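What follows is a set of structures for review.
In what comes next, subunit A is part of two complexes: it sits with subunit B in the first one and with subunit C in the second one.
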Partner chain A sequence: MAFKIDSRVGVTTAYRWRQILSNYVFLAPVVALNLIVIVIPSLTSIYISMTKWSGLNQPEFIGLANFDRLINDPIYWKSLSHNVIWTIFFLTIPVFMGLMGAFLLSGIKRFQMLYRVAFFIPYVIASVVNTELWRTLLHPRHGIGAWLAKQGIEGFDIRVFGSKHTALYGVAFVDSWHFWGFLVIVYLAAMYQVQPDLYEVAILEGASRFQRFRHVTVPGIRPTLVFTLLMIMIWSVPAFDYIYLLTDGGPAHASEVLGTYLYNMSFFRFEVGYAAAIGVTMALITACIVAIFVILRRRGWEI
Partner chain B sequence: MKRLSVLILLTLFILVGAVGAQDVVTVTWWMEPSGSDDHVQELIIDAFNATHDNIQIDYQPQESINDQLRPALQAGVGPDIVWLAGNAAASQYVAGGFLLPLTGYADAYGWADKLLPWAYGAGIVAGELYSIPVTYESMVLFYNKTVFEENGWEVPTTADELWSLAQQTADMGLVPFPYGNATWQPSNEHLMGIYLNNYAGPDNVYAALIGEKAWTDSEFAEATDLLREHIADLGWFGGSLEDYYSLGGWDPAAMLASGEGTMMMSGTWMFRGLSPTFAETGMEWDWAPLPPFSEDADMQVGPYSYDLALGGNLGVNAATEHPEEVGVVLDFLLSDKARILELASTTGFGEWVIPLRYEIDDFPPGTDERVLRFHSDFAATTGAGRYGYTAWTFWPARANQQLWEAIELVWAGEMSVEEYLENHAAEWAQDEADGLVLSILPRE
Partner chain C sequence: MMRLRSGRTETTAFNHVILFLLALFALGPVLVLFLNSVKTSEQIAQNPFSIPAEPRWDNYTVAYERGNYANTVKNSAILTGGTVIGVLIVGGMGGYALAHLEIRGANIIAFYFLVGTAIPIQLYVVPLFFLWKNFGLLNTHLGLIIIYCATSSPFATYLIRSYMVALPKEFIEAAKIDGASKFQVMTQVILPLSWPGFLTTGLIVGLGVWNEFLIAVTFMHHPDLKPVATSLRAFQERFTRDWGLTNAASVIMLLPVLILFLLMQRRFIEGLTQGGMKM
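What follows is the complex of A and B.
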């Protein structure tokens, strides 16, 4: 009996080792890939952030001087504040529109697929095309506002991307126009997972449509909702393409975000070391966002 | 026997092919896409390849070339010939050891005698030639000739005439100077360069470029403040500051062609699109030199001057395996004025005007009289020493970027002119400390 047990243990151990080994063999390509495209560049970036480097000459190690410069750089803080505004904008308006769109769409049977496609199309169009479309629509001389003004309807011929008061929000609007359809589809898929019985009970209890949304739908899709909020916060840190294409951070840095500031530092000013320092702070901000979510989840928050 | 013959023939073909392939060297050339690439391919590349059995050019226009070139060269996989976004960029690549000195080629092929002296000199870094220019440009005053004639206006030749006409057109509800930076934020440097040269004067700018005058001096402060007043307070550029930030691409040219705008301070690259744009409205355009903006004769170099500008450079990858062949390619480019002017004519002489020592007779028949007039007068005027300096050609990278980017803070009222110029001087000092300030030929 003892022999059998030993034998079984022996077989089990060998099997386990083989399984562990095979797991690592299968993981190896992914680990190698991540080492090459994530870990090594990340470590290199940290090193570069502590150098004075044009991207072409020999890097000169300067310790934390780039970070010291960041602390006293008003454009950096202005850019960071714009990232915060950008995040708040995307956590509210597109999410609200996405939830409303999905909820309303879930209630209709005819042409639902047509609406889904219509909402989703902007998401799959290239950002270059989207931005050119909106640049034309909002053009001060031949856009919608100018046309309305010619018809005698004043007040809409504003220079959305040309005013330092509206540029950031104008770009955020265009970006959210392309993004909210994605949220509609995600939320709609989540809403189909909510048990129909709950709605039936709510209706029997006399709940209004809004109450059903508030007390059945939202709690039912909470994991998806929280996941999208987390992703929006993470995606907002390296926001770049729509801003770069529409305003390039202007006018007068009014729509500058960390991504465009980093880009200009690297490619116009040849200050790759300083750009890397900006990048490191962006990575730290992202890490903080993820850490907060992890801590809250460990403390029992249902997120 | 039959099989053996086939085998021998195949072997011979392979051997001959291999030997032939070894003899042909392919020179790769990365270029910023210009909309003229088909003409470049036909007039330069195909012509070269047809006449050189042992060297073939592989011409590759690259989107976002600035973003691609640096990592490519660092990785040692860059092309043989590289397009560079101006002298400031070239100096950075030189500092990194990524460009091959071209002085040997220049001496062997006599490039100093082929290129205009200032354009040749602009490619020199630390005593060595590292790049040759792709096109030369200058800043002029374009105007809607039809509108001028209808209103009986004379082309302004003094600052007073220019500003009073600008005010008059603004009072009429027209835009004095349609312009904008919506699609290219560095367009700000076009205006800053014009105001620095035309107000403070080319001699003062030159003195600052070589470190003998401070950027914070009153002449530069007054020039900067004058532009601030015109663009931010008076809204002369584009119609308002917000319009300026909203207009881009060919918007300003379209406004000029429609008569909505009357004059435009811009570069001669506009030659490319003005005629087709004006053809749509049936109006006529013309150009004139920009007059001095200051009445102080001591600051000026004559009735007018032209700012020197180069639109991109060509350098050679230091890691090229075919340095001799690259020299042959570059010399081909610099040796046939008729071919280059034929290529330039496909762009309306807005691009690819390599600064060779042209005579007016070199230009092809049918060349627009306005274009001929510019090149003729540019040669005469700059040859007489009346020339200024554009920021994208003569400023080092960081100071240049600060010049066009931070000026928006001045226009927004968030930074004083004094603080802006102090920052500019500080950036300049940093570039100087890093050895990146460009060498400037002494003024004649």
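What follows is the complex of A and C.
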């Protein structure tokens, strides 16, 4: 009896090993794809960031000189500050509109599907189309501003994307117009998970609509809310499309962000090493955001 | 139910007023784009909101021809189709392994798929450009498809996995007892049961590829092989003053997406909010 079992175990271990190894065959393609396209080039970037390289000649190792240059580059800091403004813009206005839209939607039954579809449509439209649409609408001579001026309401016929005072906010506005409907749907899904009896109690105690929103809805969807705030912060680091398409960082770097600065540095000014250094700092910023999130969570913050 | 019942005792008129205004804010600009696409530049300059008495449908035929849409739509179809097929195969296999097979370090890989989407593309786009140049993959559809497959694979694997995890284990056990191999279990048990996950993932990935700009503009410079997005950009720059024409060209790009979205909006919304990811 004992002998029989032993021999079987021998067979099964060899068999099991082959079984487990064959499991990895299923995972291999997706892992290989990510290694080749994302992981290895990302690591190469760290090396390139320590070289002087035009992309054509041999890269020349220069240590941390690129980072030294970066610290003293006013345009780098300007771009970084624009990323911060961009993040704050997205953490406030679209989030507020998303919460408001979702809360109002959760209170109605009729036409709810229709509103959801309407809010979501800008989110599925390509950046190339959305930017074209708003470039027409905000054109100083044939857009909304010009039309308002004709009706006697002056002051809006300005070059939104051409003025250094408005370019960054104009682009952020267009991108958030495309984005906020997404938040409505995410928050609405979370609001349906909130215990209905909490609202019952609140209504019985005479809570107003705003009080219910503030004291029942917001705490109820807190995990989702915090998650979207985290995602917005992470997505704001590589912000690129809308800025590149509408202003290309201009005028005079007034709407430059790290993404556009890096892009122009590598593909138009051929300072590939310096561009890689900017990329490395962007990855570090993202890592910091994720790390802060993880640490706060470990410390018992309910996020 | 309680909430809805008590909600009804209050007036919902306020909700509808604000929601209507928000819907107008979301859709108004899109409607103006459609209106302006059948106008001349002069008509747009006079009043961007007017409804043209005689719609200039010509804008569409002119934009279609000068924008070389017959060609660019074909290119985008190749890129979108190739990526969707590729990522569903790769992501489907990966999702199956993570959901139902014994994988050591599965947590690490799942964590990578979660965090992988957070890596800013700018970190790897420059080395990737030179890598693709060496491989001869620059200015090829295959080169773009491989990148798109990779960038959307963490999301796809994760989403497909979440559908597969929800499948009852009994089906798989029963198939194994009947002597099915792992591959047979995947193709004959898992696949037929989790096709909604594949459909949703395919739609989201396809939408992302059709709309994608940064990778396309970086890795594809051959004018005959460009997708709709980057050639539309070139078209806009060529006809900056002809708003009617560029708006019509934009509508041509938008229309297939809009129709597909309206037909399958539940799947789109489900996939995009579940994945919680922006492409």
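We adopt the following convention: the second predicted complex is superposed on the first by the 271 of 303 C-alpha atoms of A that agree within 3 Å, B and C clash if a C-alpha of one lies under 4 Å from a C-alpha of the other, contacts with A are read in each partner's own complex, and residues count from 1 in each chain.
We take it that contacts are C-beta pairs under 8 Å (C-beta built on N, C-alpha and C of every residue); 3 or more make two chains touch, one makes a residue touch a chain.
Just so it is clear, the model here is predicted, and its values are computed rather than measured.
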Record, for the superposition on subunit A, whether partners subunit B and subunit C clash or fit. clash
With both complexes superposed on chain A, which partner does A:A252 reach: first (subunit B), second (subunit C), both or neither? first
Is A:P94 touching the first partner subunit B, the second partner subunit C, both, or neither of them? neither
Looking at A:G55, would you say it contacts subunit B, subunit C, both, or neither? Reply first, second, both or neither. both
Is A:R141 touching the first partner subunit B, the second partner subunit C, both, or neither of them? both
With both structures placed on chain A, which of the two partners, subunit B or subunit C, ends up touching more residues of subunit A? C
Would you check which partner chain A:F268 touches, where first means subunit B only, second means subunit C only, and both and neither mean what they say? first
Does the superposition put A:F161 against subunit B (first), subunit C (second), both, or neither? first
Using the touch definition from the top, say if A:G170 reaches subunit B (first), subunit C (second), both or neither. neither
Identify the partner contact of A:A189: answer first if only subunit B is touched, second if only subunit C is, both if each is, neither if none is. second
Taking the two structures together, which residues of subunit A meet both subunit B and subunit C? 55, 139, 141, 267
Spell out the residues on subunit A that touch subunit B in their complex, using ranges where they run on. 54-57, 135, 139-141, 159-164, 167, 247-254, 264, 267-271
Enumerate the contact residues on subunit C facing subunit A in the complex. 1-4, 6-7, 10, 12, 15-16, 18-19, 22-23, 25-27, 29-30, 32-33, 36, 41, 44-49, 89-91, 93-94, 96-98, 101-104, 109, 112, 115-116, 118-131, 146-147, 149-151, 153-154, 157, 182, 186, 207, 210-211, 213-214, 218, 229-230, 232-233, 236, 243, 246-247, 250, 253-254, 257-258, 261-262, 265, 268-269, 272-273, 276, 278
List the residues on subunit B that touch subunit A in their complex, please. 66-67, 70, 73-74, 92-93, 95-96, 98, 181-182, 185, 240-247, 251, 255, 397-398, 401, 405, 408-409, 411-412, 414
Within their complex, state which residues of subunit A touch subunit C. 19-20, 22-24, 26-27, 29-31, 33-34, 36-38, 40-42, 44-45, 48, 55, 97, 100-101, 104-109, 111, 114-129, 132-134, 136-137, 139, 141-144, 146-147, 177, 179, 181-182, 185-186, 189, 196-197, 199-200, 203, 209, 227-228, 231, 234-235, 237-238, 240-241, 244-245, 258-259, 262-263, 266-267, 272, 275-276, 278-280, 282-283, 286, 290
